[in-house]
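Worksheet for the structure shown next.
Should a chain be cited, it is by its letter among A, B, C, D, E, F, G, H, I and J, assigned in written order, with residues numbered from 1 in that chain.
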């Protein structure tokens, strides 16, 4: 099942820059791990914000929650999940 | 450039069912045409609504507007467009 | 997977009362059919509104969409779906 | 009377991890106590958030308030309560 | 249990004035009946709107729903219900 | 003139518990004083929140503001005021 | 007591132009009557909308409601009332 | 003084297509007239909507209102006006 | 040109009381200065909030911004500006 | 492609004034650099707020994001981006 996930990162400007560098590096690695496992399919930046849209493909909402809480930046994330149903005209299912 | 597009279809319950069938059939064909042209990349239903999320890849907002207004259901659509920026960790750009 | 579903029914006061009776009767039957199939688990009225909260247990959002669009009142419904993840302290999973 | 309760936990990322462990453990115990008393009926996680939906069955809003304020995490909770009315087609009342 | 009820009446300006007179008269009578039964306790107009705040005292949300749907104007009402819990400092409980 | 007042108390979880006890005690006393003066008529808790609905009867908005700012918790309150007009069908004016 | 009143006029584009002319003329007269009575103090257009801000000075919300419902356009108005309290630094009270 | 103006056109799908053609043609002409008078400076489409952002430069809000109500589509427009103040770093004032 | 200005003051309860006294005193003086200059015309308190509605009459939005940023409390203010157009039925322009 | 960008600056009143002066000076310089490169076209203040509307002309959302994150105040900015499509009646494209 696919989910469209909207993530806003709420990082106080005065936070320790070293902590930011460490967490940011760990975040990139964990994102790539989820991508290699075929769970995180696409990732886009929202222009002008420390925020993104992500497309996940997982078994259900419980596995999605496990993926999202595995992200090092999770404590600073404000996340909205949109459950997706298959559309008969989706180019992927049409083989287009 | 990619755009995430949220479409709600506002179709009055009392509308002519024959009109609905005709427009719906034409809508499917036009969606497939945009998919074959490589502009409409993915299409999902929003569960419980006559609504969808669509992923477009086009030159800019002007071409996107031309795609969306080419849809036969356009006069009954309430559309919100989200411009997307590339993310360095996007599985597609990483080749994952 | 469970979903919490919020349904508002938008029925114009001037609609044909006979149509309302017919659709309402069919709605009750279809709701009971979904309940007997183990998909619709609980159903509550929202006081003061022609609206309800429903708890569904289905395979995924695609099956949920099929359930909801099978309801005779679907064309007059404004539906918001909330995907649910399992909680380790849920009385059901604890056997309480 | 049943209530559907939406709880968001607002826990600052910089809070003492030991305090978090202690409160979290106490929270689990108090939730199980309310479940054993037949007041807390179901509990779901909202995917991607430190948040949940809970179904309570209590005498009235005053008893519900007592349940909710008994939770150790209450000072960090943002709670919205939805009063529920019985629906004649609820699978529980139909014995389905 | 007490409930604070916010009611907006959505009456199209072009509706039949005679229908309005009939329904309005029946509405006043039904409101007085609920007041005499001790269920509808207070009623205020919201200035500048065809809307009101009402204070109900009933057994639970199910009885409240029965009261509200007994109102002749119910099909034209947009109603929001606020469940109330007792406050230890309420002048009524203090005998003030 | 009556006013319906919605009060949310925004008290940081980490505040000094002793300060909380002192202010809370003073708050109860001031509320009872306003009740004895016939200005604060009813007071309800909003279940699940440190919040309440209050019914005031005062000369005008200026006197209401004086009442509200006299509350010891005022600096931590987020207050929304709803002006009320008399309704000819109010049980109080009908003597019901 | 003064009130700041926000009025949106919701007039369907297809309504009878003659009705519009008649009601509009009556509206202007009634507005001037309220102004001469010292109740309607100021009136501004909201640019780009068939809407206005109005400043009323009346005894209370009940009289304000009577003023507003006396307007011929009232059935087509969506009105929000803001109760005002006196400010010690108001130029009018300072005689500036 | 400059104003940023957000315009949504609310045109029912079932309206007479001939009326639409006539009004649309008149709208284009009136827009060009305002542009030639130096009042309408820039005009953009909002992708996916029958809506636009417009930049006006006029004496004040009263003249802006006169410009906007001169548009043939005005009765079908939902308009939000944003007043703009000069910024010392504006490329136009810097001659960039 | 007139502007209706909505100001919320966001002053943390724990701030230094001496700073509050100093800034508050300076705020009153600057408000009176703007009033004497004929720019600040009316000032009302919003009951129950540290907030106000203000009526300004200035050349344009640039001068309004200069007035507002001259207020000592400006760094703690959340301000929304409403541009006003003249109304032909305004009592002031009618000499009423 | 053009973008309309809405920027709110969220600067705590208690921040170090020297830091503010340094960042503000750097912000002005970077804004002028973007203007000279032809990317930042117009810049307006929102009256009463530390906020602005900016008009950008860049290749796409990815370049826009690079421009915005190059601003020294970026960590304190809350930014909303509006993608713009060309309008055939835009005075610029008409050569007006």
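Convention: contacts are C-beta pairs under 8 Å (C-beta built on N, C-alpha and C of every residue); 3 or more make two chains touch, one makes a residue touch a chain.
Remember, it's a predicted structure, so these values are computed and weren't measured experimentally.
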item	value
B-J against I-J, pair bridged by the larger set of C-beta contacts	B-J
Distance from the mean Cα position of chain F to that of chain D, given in whole angstrom	27
Distance between chain centroids, defined by C-alpha means - chain C, chain G (Å)	44
Chain B and chain F: spacing of chain centres that average the CA atoms, whole Å	50
Multi-partner residues of chain F (at least 2 other chains)	3, 45-47, 61-62, 64-65, 81, 83-86
Full enumeration of touching chain pairs	A-B, A-C, A-D, A-J, B-C, B-H, B-J, C-D, C-E, D-E, D-F, E-F, E-G, F-G, F-I, G-H, G-I, H-I, H-J, I-J
Chain B residues within the chain A interface of the complex	2, 4, 28, 31-32, 35-36, 40-47, 52-53, 82-87, 89-92, 94, 96
Chain C contact footprint on chain A (complex, rising order)	1, 3, 60-62, 64-65, 81, 83-86
Of all residues in chain H, those that touch chain B in their complex	13, 45-49
Residue numbers on chain A that touch chain D, as the complex places them	3, 5, 7, 61-62, 64-65, 68, 75-77, 79-81
